[in-house]
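To start, the structure under review is shown below, and the notes come after it.
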Amino acid sequence: MSQRAARLALPLPARTQRVLPGFGLSLGISLTFVSLVLLLPMTGLVGQLKGLSLAEYWAIVSDSRVVASYTVTIGAAAVAALANAAFGLLMAWVLVRYDFPGKRLLDALMDLPFALPTAVAGITLATLYAGNGWVGALLEPLGLQVAYTWVGIALAMAFTSIPFVVRTVQPVLEDLPPEVDEAAMTLGAGDATGFRRVLLPYLWPALVTGTGLAFVRSLGEFGAIIFIAGNAPFETEITSLMIFVKLQEYDYAGASAIASVVLAVSLALLLAINVWQGRFIRKLHGGRG
Amino acid sequence: MSIRLSDIAKHYGRAGRALEPVNLEVAEGELVGLLGPSGSGKTTLLRIIAGLERPDRDPAGRILFGDRDVTDVHVRDRRIGFVFQHYALFRHMTVFDNVAFGLTVLPRRERPSSGEIRARVYRLLEMVQLERFAERYPAQLSGGQQQRVSLARALALRPEVLLLDEPFGALDAKVRQELRRWLRQLHDELGFTSLFVTHDQEEALELSDRVAVMSHGRIEQIDTPDALYHAPANRFVFEFLGDVNHLEGEVRDGVLTCGAARLRTSLPEGRERLLLRPHEVRLAETPSPEAHLPATVTAVSPVGAEVRVELAADWMAEPWLATLRHADYERLGLTRGQRLFAVPRRWHRFTADGRPQPAAPARAAAA
Amino acid sequence: MQRIGDAPAVRRGLIAVALLLAGLFLLLPLVAIFAQAFAEGVAVFWTNVSDDYTLAAIGLTLFVTVLTIPICLVFGVALAWLVTRFDFPGRRLLQTLIDIPFAVSPVVAGLVYLLLYGRNGWIGGWLDAHDIQLMFAWPGILMVTIFVTSPFVARELIPLMQAQGSREEEAAVTLGASGWTLFRRVTLPNIRWALLYGVILTNARAVGEFGAVSVVSGAIRGETMTLPLHLEQLYQDYNTVGAFASAALLALLALFTLAAKAGLEWRTARQEVSP
Amino acid sequence: MIRHPRLARPLLAIALGAGLAAPAMAAERELLNSSYDIARELFAAINPEFIAHWQETQGEEIAIQQSHGGSSAQARSILQGLRADVVTFNQVTDVQVLADDGLVAEDWQQALPNNASPYYSTTAFLVRKGNPKGIDGWEDLDDEGVEIVFPNPKTSGNGRYTYLAAWGFAEHQFDGDEEQIQAFMRDFLGNVVVFDTGGRGATTSFIERGIGDVLISFESEVNNIRGEYGSDDYEVIVPPVSILAEFPVAVVEENAERNGNQELARAYLEYLYAEETQRLLAGFNYRVHDEAVVEEFAEQFPETELLKVEEVFGGWDAAMETHFASGGLLDQLQRR
């Protein structure tokens, strides 16, 4: 699409003066890709849903076992995301603020869950945390069972989404000028107060974004969880498994219906994160935008 | 509260010394400026006083606030006010919350009631004339306003020592002027002891009771502005404060020669370096018998009380600057490109290690 | 310089907790993979790795990855350029749309492709009639891999390019640079490390994708089995050592990826220090 | 080592840097067998025999491709275009789905002997050494404190057989008293500690993770597991009453025709009934029909009353409808 054509195609505000080249090209590539790769396949989902009446749709997505799976999934994802918020904050803090031997290694290790295929993570966690695994053998006598319980699901979710919080908080913490700390200290704030009242608010947007992304990722995770979840109905069945079950029953419409719920929730969350972040940043950087 | 430093030194790893052992005394209620080029150690010194940096253990220097030895006291317990160059306001807090912060983090038993905090914050905001902006966020304020908030915040705990790190460095000239005057007023009114860092000599001289001129981690001289200008302790201070013209050449038979330039003097034989302030240079259309210093006018700036004229010549290492009264300027009818002669009224000399030698009036001017 | 939390006790405590947690949750699983893979000795490990099916799975995995990267690269750069350099209606929507793959469970991602391009889908029916097979063959695996990896490059580039602004490019335009030259000479040097990081993430995900690929693969041994699928089958076959041998290969690839990334970051940091 | 001419293709494509090279056609005819999850070793043993047999009788060199997965997932893949020539499943319903779609002949169960099921099995138990919980039959499985592992009936055919076997036993035991049957089933299902999605996952949970007191799976599978993990640690219990599990096979006519593999596919399936193949199958602990082989392996397979799905549940369609469909009896029994 030429730039001119693009101008004609979209009602553009007059103030937009495009100095830089490549609008048409990049718009063309982006739209083609987004339509073909992302949106077109989604029509398949919509197509399946069209075959359902509203009542049928409601019956599928509000089935008590499916609802129980939402509870399990959302609960475990929330726990995983919150655990990650604390863990990620600690890691980001330690990596940015302190120097110690092995720091580079620790830093590199943070990305492991993204680099490691989820299936590998799944079988490894199951092996480690089962009653006869290295860690499980230690926990079992304490009465703490991880594998095949709700805790295992949260653990697998937490593992696969570790980098989100660390990697969103880390750059913000790095860019925080030393004066912020110093100003707080000259005003008499102690470590805890200074962190809570001054530093944390700076990290807040990044922390919320990272936690939100970790949560969304956990909602959809399947590969890693399936090995460590007990898949007991009403207790340790995740929503992805319910979709999988529907597929096994050739019930594409049912699978699509449940998938649409997860998709809608995830997209809404992502959009909310984007919008919230925009608002927050606008507040801190004056009334612009 | 007075501040006393003895043998405060600082070095950073292998990078070298940032501060030679420094001794400094600031009297209670005094306003002292730390002036020097960048890298002279002035900010380091200020931060050490604040407790943001730790001085070297060897030599074991001490910092005393009044009679209280604060050398090993943590910054948060030193009870100083500190104003940062870039304000360092907490951008997620309103102006009110910023100013109130120090009060709200006090230990519970020392903390005033919220009503009292409110009253005190508003009093401070009134003082900095920002009471209308209490609910704004820092990003919604101009630079000058932000710096005023920062000052109010630093004063909220009623510190007896106020430290300011290039407080006006990031502001434009007009706002800077205004804030300077206002800071002086505030200082006189509240009577705290202030120490501020600047690289702007005009600011230092105008604002301070005394100025400490620093270079290479040392205090070269600490004195009143007047004394600094008129009785510089060494060449560095002389050169750092105000503009300086150089004339360097060989003296033989009572005549200093430098390229095409000649100056009759009574100095001993040998290499000499004379320094002249711009107002110590007179301009003439013809050379005098005592001085033959031909130069070309390269720029003329008639703005202000005096006219500033820039001169260039082959024999100058750097262009000279001369200031003359408007009357003289008009009489000479100066234009760019005009060739004329500079005549020293007086000049200054320093020994090889920088100690001043008596300034002497030039013969021409005396004649 | 003193900062919040610099007190030695606080510092040591936090570092210790961080190292302990990281060791427990990140390092230990990694060690476990290799421990399991070599549980019966190097020879058994090697037999498993050099098995024909394993080699074929490695081959397919690399093949798909090599094709995925340039496609995602072009898209990522185009999209980042579009949303950071121009203002147009629908910009925010477009930015949210590229997050779809993050929001969609991989199994669902595979499903939607299957529904569209499978024999019963409206495109798949036509393809089937023309004897073109996409699903259950490598093109299908490639397609879903592209789907799940598409946001990575753009996601890395957008914040950076937004922060950098377009001043430098505008300056270059005033100096007469245009099009490709502008991008290559002005933009690319500024974004190359982020770009590479995006590629590394894309690579990691492309190699490791399981859920989406498993739906469209057809699981034909030696033909449409990627390494993660192969691993799962071995695991299902009680060949724990074999499964963990494949897992170890993938983990090695992951470690290589991490090393490459750490190396990049180190270079970037060094560049910033001494320009 | 399995000889496979097309294995190296992707590697080669990269080596050539020809990223977009279209798949080169292999020189020889290929047959794709889509099979259930746990039959990998089985067909890895059968296929070379058949290839040799075909070479001998027809003088043609062929290759056989295997695709394995959950039987239902496999059927779904074929519906969506996986070009399998033959299916060798462990679920009659999964073949029926293909027949309903017209991919498989309507009368496929008549096309080959024994309902097109060349071998069969039943559901049996694997318990830990010494059978500490004293499990001898289904009646012991609803006892409190017995921990059971078997795959999810929702996702696994194996799991469905287990469920139906238990139900069949209960119906037998309680003389069709619906209330008692359901009470038994509820307790039985309540004792399940892990519902893995497939048979192999369940085995891993039981063996590698040490979970549960009893693993319920196909008789063939539990025997294989015992062989694999040591007869010292586990014992196989074949309950006196259990269910007949058929392993149906069929030609996917549409694909075979498209691939020009019709007679090859038929011959392949027929070969599964040949005496030498049946012996091979029995070696993998499957029960077979060939009389000579049955005699040979008589010791290995205890006499058991095998209930038929058709007889107890009125056929698979009815069983699926009543028990496994969404909101069916399984869902109701698991409701808390």
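Note that the chains are named A, B, C and D in the order they appear, and that numbering of residues resets to 1 at the start of each chain.
Basically, a residue touches a chain if its C-beta (ideal position, glycine included) is under 8 Å from a C-beta of that chain, and two chains touch if they have at least 3 such contacts.
Per UniProt, the chains are A = Sulfate transport system permease protein CysT; B = Sulfate transport system ATP-binding protein; C = Sulfate transport system permease protein CysW; D = Sulfate transport system substrate-binding protein.
Treat the numbers as computed from the prediction; the structure is a model and nothing was measured.
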Would you mind naming the chains that touch subunit A and likewise touch subunit B? C
In terms of mean CA position, the chain most removed from subunit A is B
By count of C-beta pairs in contact, the leading pair of chains: A-C
What whole-Å value do you get for the distance between subunit B and subunit C if each is reduced to the mean of its CA atoms? 56
Nearest whole angstrom, what separates the Cα centre of subunit A from the Cα centre of subunit D? 38
State, to the nearest whole Å, the distance from the C-alpha centre of subunit A to the C-alpha centre of subunit C. 16
For subunit A, give me the residues that contact two or more of the other chains. 127, 133, 182, 184-185, 189, 194, 198, 244, 247
Overlap residues in subunit C, where contacts from two or more other chains coincide: 1-2, 114, 121, 235
In subunit B, residues with contacts to at least two other chains: 52, 74-75
Check the chains against each other and report every pair that touches. A-B, A-C, A-D, B-C, C-D
For the complex, which residues does subunit A have touching subunit B? 177, 179-180, 182-190, 193-194, 197-198, 201-202, 204, 283-287
Can you check the complex and tell me which residues of subunit A touch subunit C? 10-13, 16, 18-23, 25-27, 29-30, 33-34, 37-45, 47-48, 87, 90-91, 93-94, 97-98, 100, 102, 104, 106-121, 123-125, 127-128, 133-135, 158-159, 162, 178, 181-182, 184-185, 189, 191, 194-195, 198-199, 213, 216-217, 219-223, 240, 243-244, 247, 252, 255-256, 259, 262-263, 266-267, 269-271, 274
Seen from subunit C, its contact residues with subunit B in the complex are 1-2
Listed in rising order, the residues of subunit A that touch subunit D in the complex are 60, 63-65, 126-127, 130-133, 147-148, 226-227, 230-234, 241, 244-245, 247-251, 254
Subunit C-facing residues of subunit B, complex: 51-54, 74-75
